[in-house]
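The letters A, B and C name the chains in turn, as written, and every chain counts its residues from 1.
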């Protein structure tokens, strides 16, 4: 501890698990927005990743409540958020945004897109799998051209609704922090917007990584046009994101409000590695440089590279981007609690190794969506393009 | 693969859908409503008679009170009896980072450097100040939950576990709090803490259990110099009335518009 | 327009889910929730039923009215019984079984009365090491009506910070009454009857004006030229004149 902190501020309230939560919901929103590029804006090149992006979003969305539950003092009472939500509380309303997004947007979109295939798989499969597919179709087995047209139209409309819903999903998480007037590090109009765009960045990067890795496992060639397009979208999204972050930074320095002294001290001491090194250099500047130099979609890229080189650059950049976005979440959540609201002192956060809120649990929670995705890919293979071919 | 060859048992229309489907849909919908009506009515609970105020406290009417506290900085001697009494009265953990109320000491030296400290919240009093240079000003500031009239903590609670009573006291419902700690983040004054064993949010209750019996909070009871004054914020004859009339009072962090009900007389500009 | 089969199926699923939510809500929301606001009104009752540990000084006076009235007439009239005797609701409930402790050593009184510059000036303070060492405070001071055994001659008994600062300053050899007239009543009701303070530049000029007959070593200034619009103590702190 350094300087003066209120006695009750000694221990941090929101730990590593709460860093994980906006990271995961960000991946969900970003992956979905990437999928919507193909569906609504007809970006044909990223079509190979469409279903994969949706399944990725679902896998991560299912895991998203876990860090919250692990962090609550009384997770067995968490249902109260749905029973007696305080309409003035951003956190309470978020429960409904999450439920809306899961049930009405993501599940429905996946259902409409896969329905035709699920009907076919129900007929082709045997035993438990056949029963599984039948249940998944909910008995809606009409695959006449009219019904399929309806599926397509419904999917389109859900995606259209889904885009602002995805904005709401992660923008709301930003608002949960941005609306806390007591905390000058969090309280900002830009917070929901920065969260949203960093979510888009992380989602695109995640789908890029998963697409490359699954292609490797399946021993299939990567569609380079798709990959180049993903990389260019990642680049554009990063430009917007870094512009917003720079705007926040410049604005703070310029207005130089009372909190600037302690916040500068915090950045220079407690957050130096996570902010300057990881978020800025490793997570933003280096990937931007790589992508800008090697991406052919960006005006015939400064450097030309073979397909293999570009794949390596893209994969590296995407991984660095994920590290950078995780650092952003860390800097927001943990950073906001490292300085005292008296603006006179700093405290420390010691990450536990074991325990419900420790590093081991964090790693386990981050691994779980990949396991779920693997199951989803087995049950609902995204490589089966019957519905997409029809479009 | 024959679409008609379905063994799920559900009726599977083949070819163009017959118009009877709409009728069936409407029939099903009506049946659902008929079945659901009692459930819906049960869900819309008819408002019960408004509670009479804390049951068992005969004669206590919360609508007759709106509590506040006054603190005179020039009277506080930093003895810490308030901190100790509060911990005893309210079973607050005795470690050094859980306090309902605490006392801060400000030392402003002749160069304008400000040093603030609160060793164990002031529970054991204060040692001599740790400064070599001359002191320009130095004083003690008791802090506690301000029981704001526009409380940001109540606003952010997702489930309604923290609330402000009709008599102006912000309380936490131990059995309803889910322990999300949003209220602790939202409090600008650092007044809330997380109970290490009950795993719920906790804070100063203004000794509500004493107020309903017509007593003053424990910290006010034991303050030996009268630095803490307790009473009603509205126009009623209590010691706080004189305090508010005779002193130029300030509140902490007025720019946040939390409308605190703890008023400080002779508050120095360096106090946060 | 016929309703597509997908909508029918989905509609059924959603209706069941919403109905289930309504049922669960009716069953699980606590009874008093919403009566007074968005919270469980019965929580107020359970908080109000918390047992008190401090009885309050009125309770003590009910049985110990002699001590209470002695205290009310003395310097500790603002010090409630339980400040020193601790929370005693248990004693009120079972007076013969539970006896209140009383601090009879030297460790307790200095919590309030040990010298500390952050304490407001005028509050009676002593140096706990130097002041009658080894003897319990109650040897000389009745805690229920504390007066010093002899009225302190030195102003420093209550104005410790000023005395310590002055002792290291150029004015160390000046006694307080050089500049302040102190009525005897000030030692009895200090906030009501206060010492006087000098009111004009000429007062300081008695030692510091050129040609003054006071102490030879006192620095001299031309009273008419030296910042004539200000009183001396607006810049020079009389208890430590070298600082501004």
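One rule holds in what follows: a contact is a pair of C-beta atoms (placed from the backbone, for glycine too) under 8 Å apart; a residue touches a chain by one contact, two chains touch by 3 or more.
Quantities reported herein were computed from a predicted structural model and do not represent experimental measurements.
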**Request:** With chains as vertices and touches as edges, which is it: line, ring, star, complete or other?
**Result:** complete
**Request:** Specify the chain with the shortest distance from its C-alpha centroid to the centroid of every protein C-alpha atom present.
**Result:** B
**Message:** With centres defined by CA atoms only, which chain is the most remote from chain A?
**Reply:** C
**Item:** chain A and chain C: spacing of chain centres that average the CA atoms, whole Å
**Value:** 53
**Fill in**
The distance between the C-alpha centres of chain A and chain B, rounded to whole Å, is 34
**Request:** Please compute the C-alpha centroid of chain B, do the same for chain C, then give the distance between them in whole Å.
**Result:** 25
**Request:** Specify, in ascending order, the residues of chain B that touch 2 or more different other chains.
**Result:** 13, 17, 160-161, 176
**Message:** Quick check: what residues of chain A touch more than one other chain, meaning two or more?
**Reply:** 84, 86, 139, 141-142, 146
**Message:** For chain C, give me the residues that contact two or more of the other chains.
**Reply:** 4-5, 8, 12, 25, 29, 33-34, 38
**Prompt:** Can you list the chain A residues touching chain C in their complex?
**Reply:** 79, 82-84, 86, 103, 108, 111-112, 115, 138-142, 146-147, 150-151, 154
**Request:** Within their complex, state which residues of chain B touch chain A.
**Result:** 1-3, 5-6, 8, 10, 12-13, 15-17, 96-99, 102, 104, 114-118, 120-121, 143, 152, 155-161, 176-182, 184-194, 198-200, 256, 272
**Prompt:** Any idea which chain A residues touch chain B in the complex?
**Reply:** 4-11, 13-14, 68, 71-75, 77-78, 80-81, 84-86, 88-92, 95, 119-120, 123-124, 134, 139, 141-144, 146, 176, 180-183, 336-337, 340-344
**Asked** In their complex, what parts of chain C are in touch with chain B?
**Response** 2-5, 8, 11-12, 15, 19, 22-23, 25-26, 29-54, 56-57, 76, 78-80, 82-83, 86-87, 111-112, 114, 116-120, 123, 240, 243
**Fill in**
Note: in the complex, chain B contacts chain C through residues 13, 17, 19, 21-22, 25, 28, 32, 36, 39-40, 42-43, 45, 47-48, 50-51, 53-57, 62, 74-81, 85, 88-90, 105-107, 110, 124-126, 128-129, 134-135, 138-140, 160-166, 171, 173-176, 205, 207-210, 212-213, 215-216, 218, 221-222, 224-226
